[in-house]
Amino acid sequence: MKLYDYVLSPSCYKVRLLAALTDTTLTLRPVDFHPGKEHQSPELLTLNPAGSIPILEDGLLVLTESSAILTFIAAQNAPQWLGQDTPQMAAYVQQWLSFSHRLTTTLGSARLIEMLHGHGDLAALQHQGIAALRELEAALVQQHMKGATYLAADRMTIADIACFPYAALAPDGSVSLDPYPKIRLWMRAIRAQPGFIEMPGIHRLHELSNDPLETTNQ
Amino acid sequence: MSFPMQDEWYPVAMLSDLHRQGRDTLLLGQPIHAARDPNGIPIVTTQNGQHLVTIERFGHLWTSLGTPRKDLFSIPEADQPGRTLVDVGVVRVKCSPLRAVENFLDIAHFPFVHTDILGAEPHTEVENYQVEIREDSDEVWATKVKFFQPQAAKSAEGGITTDYMYRVPLPTCSVLYKTCPPRPAEWDVICLFVQPLTEELCDVWPWMALFDDETPLTDMIHFQQLIFLQDRSILENQLPRRLPLDPGMEVPTRADMTSVAYRRWLKRHNFTYGAQLVAK
Amino acid sequence: MSMPATAWWTPVALSADVPPRMVIPATLPVGPIAVWRSQSGQVTANHDRCPHRGMRLSHGFVRGEKLSCIYHGWSFGKEGGCTAIPAHPKVTPPASIHCGVMPTVEQDGLIWVASAQPDTAPPVFDQYQPLRMLNFCACIDRIKTVCDASSRDPATDTYVTATLAGFVTRLIVTPLNETETNVFILVSPDLSTDQKIAISRAAEVLRNLCERPSPEGQQT
């Protein structure tokens, strides 16, 4: 599987993250999104007329939406990540995959404006992004009351992968995450997964590795 | 009102991405417009139509609000044949332009911010190095800097102890000379050109001149963007937001000798745009 | 913004929202703080600023009984003293390197912090259980008005009684600034999960009401 990838793209990161967590091998094809605008080049437009990344190529199959790519990878290599144990769980997964697009169009757009000279109504995007984060927080509060840490189940599914990056990178678009304790716990649980990989703006949990100074002192 | 930093050079656009319609931007809080005239010549104008001085160098368009004391600095190594010149592209950061430069001069953060790339525990120790303010060129230099790095460059295989030299020729620009894995006798050149928009907001234009025939250009760009964007979340969360130039507000150690010299040099020249002078 | 005349306790988080080996950001009237729980379970609150280069410590990490800065890994113990500087692993940091620690009390499922030691303990809510914390973009007066001023606890300005989803709840309201307020919702401990969920949803509706412009046209 070949992923047309950009190191700063949260949507590409979703694909890389799921691949890392499910031991899926990806061949990365870096796309000069910024400053080169290569996603608008004839070669890339031939693959994806929408002019967006990620793009996943697997033989003749070409997928251009990150949620579809997550579904494909999970179905092939780790079906439990699809969250299909019960009708309710399967529906929740779909609900959050749809919701994730709101995070992309609000917080993601604010991030492009604040970071890479994108264009748009920043205040409106931030306002809509906060509304989305509040919904995410409320849903995670309910999940906690039911004893679950994740969005659709008591384990991670592609729903969590789809929503995690743009929520975690809200501060890149000058939207604070300080008011959301349950989002913080959820992000921490994701970052603690074995095989987790980071992207700029989303650090690994240094608390999971030992303090080398403590070790040498012993 | 004039102030010393007005008479220095600043990057305001990437030449490869500068067109007729140009870009509206800020320099030291003043609105300016950078564009190409009908003949393709880059021009920078102020709001009242005044044309500012310009220089095209290192892939970027440079200008000044005042009268620069001297020509824009040169990087002789960057002119060596065989180097790949890399326009990394602009990144906006909500921080003091001086804090952005100071972070670039720092190696002690590598194991925690650029983990497993530019540094990794337990290799956190910063050995002594040499720092001076060179009186002839009026630049800050740090030399004989060494640090262990798991993956120093896109072209590096495995961990190596990397040698560094840092140079500050302008208040918001720094040049880093770094071990070049494919050519041990030469230095890779990595620059941080910072355009101060306001005292707490900047556009950062990283630029590189590397010896590397193997790595595709896009990979080099991505590597540098990855590194710089890891710094961004640090830079946007330092308090106070402006760089404290008076001692007492922050606690330096031996590892921070470059930063100490940089702050001293800024203060000597009254380069205080983006600085905090008394503890508030 | 006026400061309280004497030091007073501010609730900053639910105990459950700060598990061991975690640090979170919070706000006191005097400024931002970092609240963290060590591996052994003790809660500490520091100024949210590493003395080295001013980085917010709430972005850092907790290992064992120490809080470390994400920028250069400087570590601080529960008394606030710097215990390690990774750039100089063989050097014992001088005692002068210190990050201010504030009085902290954990009680009835809430973490309370004060900028200096208050004369009295934080209020007791042992008949209640904290449900969740919400951030309202509204001032306290507006929240009290919406919750019905007649039910306000006359003894203090800090607590409001509100009926949410048909249940009587207590709200601890803590101003962050002129326009933002943290609201901690306390409920009876013997509610079912469904009842708690209903209250949580009603609290979202209450927030929407509070954030609408007031009928008099005043911006809250």
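Brief remarks on what is shown
For clarity, chains are labelled A, B and C in written order, and residue numbers in each chain start from 1.
Keep in mind that, in the parts below, contacts are C-beta pairs under 8 Å (C-beta built on N, C-alpha and C of every residue); 3 or more make two chains touch, one makes a residue touch a chain.
From a predicted model like this one, the values you see are computed outputs, not experimental measurements.
Chain contact topology: the protein chains form a complete graph, every chain touching every other one.
The most central chain, judged by the distance from its Cα centroid to the centroid of all protein Cα atoms shown, is A.
Of all the chains, the one whose CA centre sits at the greatest distance from that of chain C is B.
With centres defined as mean CA coordinates, chain C is found 28 Å away from chain A.
With centres defined as mean CA coordinates, chain B is found 30 Å away from chain A. If each chain is reduced to the centroid of its CA atoms, chain B and chain C end up 38 Å from each other. Touching two or more other chains at once are residues 70, 73, 86, 89 of chain C. In chain B, the residues that reach two or more other chains under the touch definition are 112-113, 121-122, 124, 233.
Each of the following residues of chain A touches two or more other chains: 203, 206, 213, 216.
Within the complex formed with chain C, the residues of chain A that make contact are 134, 138, 141-142, 145-146, 178-179, 181-182, 184-185, 188, 203, 205-207, 210-211, 213-214, 216. By the touch criterion stated above, chain C contacts chain A in their complex at residues 13-14, 17, 19, 21-22, 24-27, 61-64, 66, 68, 70, 73, 75, 84, 86, 89, 132-135, 182, 193, 196-197, 200-201, 204.
Those residues of chain A that touch chain B in the shared complex are 6-8, 30-32, 34-36, 38, 114-117, 171-172, 174, 198, 200-201, 203-204, 206, 209, 212-213, 215-216. Residues of chain B that touch chain C in their complex: 108-109, 111-113, 121-122, 124-126, 233-234, 237-240, 244, 249-255.
Within the complex, the chain B residues that touch chain A are 14, 16-17, 87-92, 94, 112-113, 115, 121-122, 124, 203, 216-219, 221-223, 225-226, 228-230, 232-233, 236.
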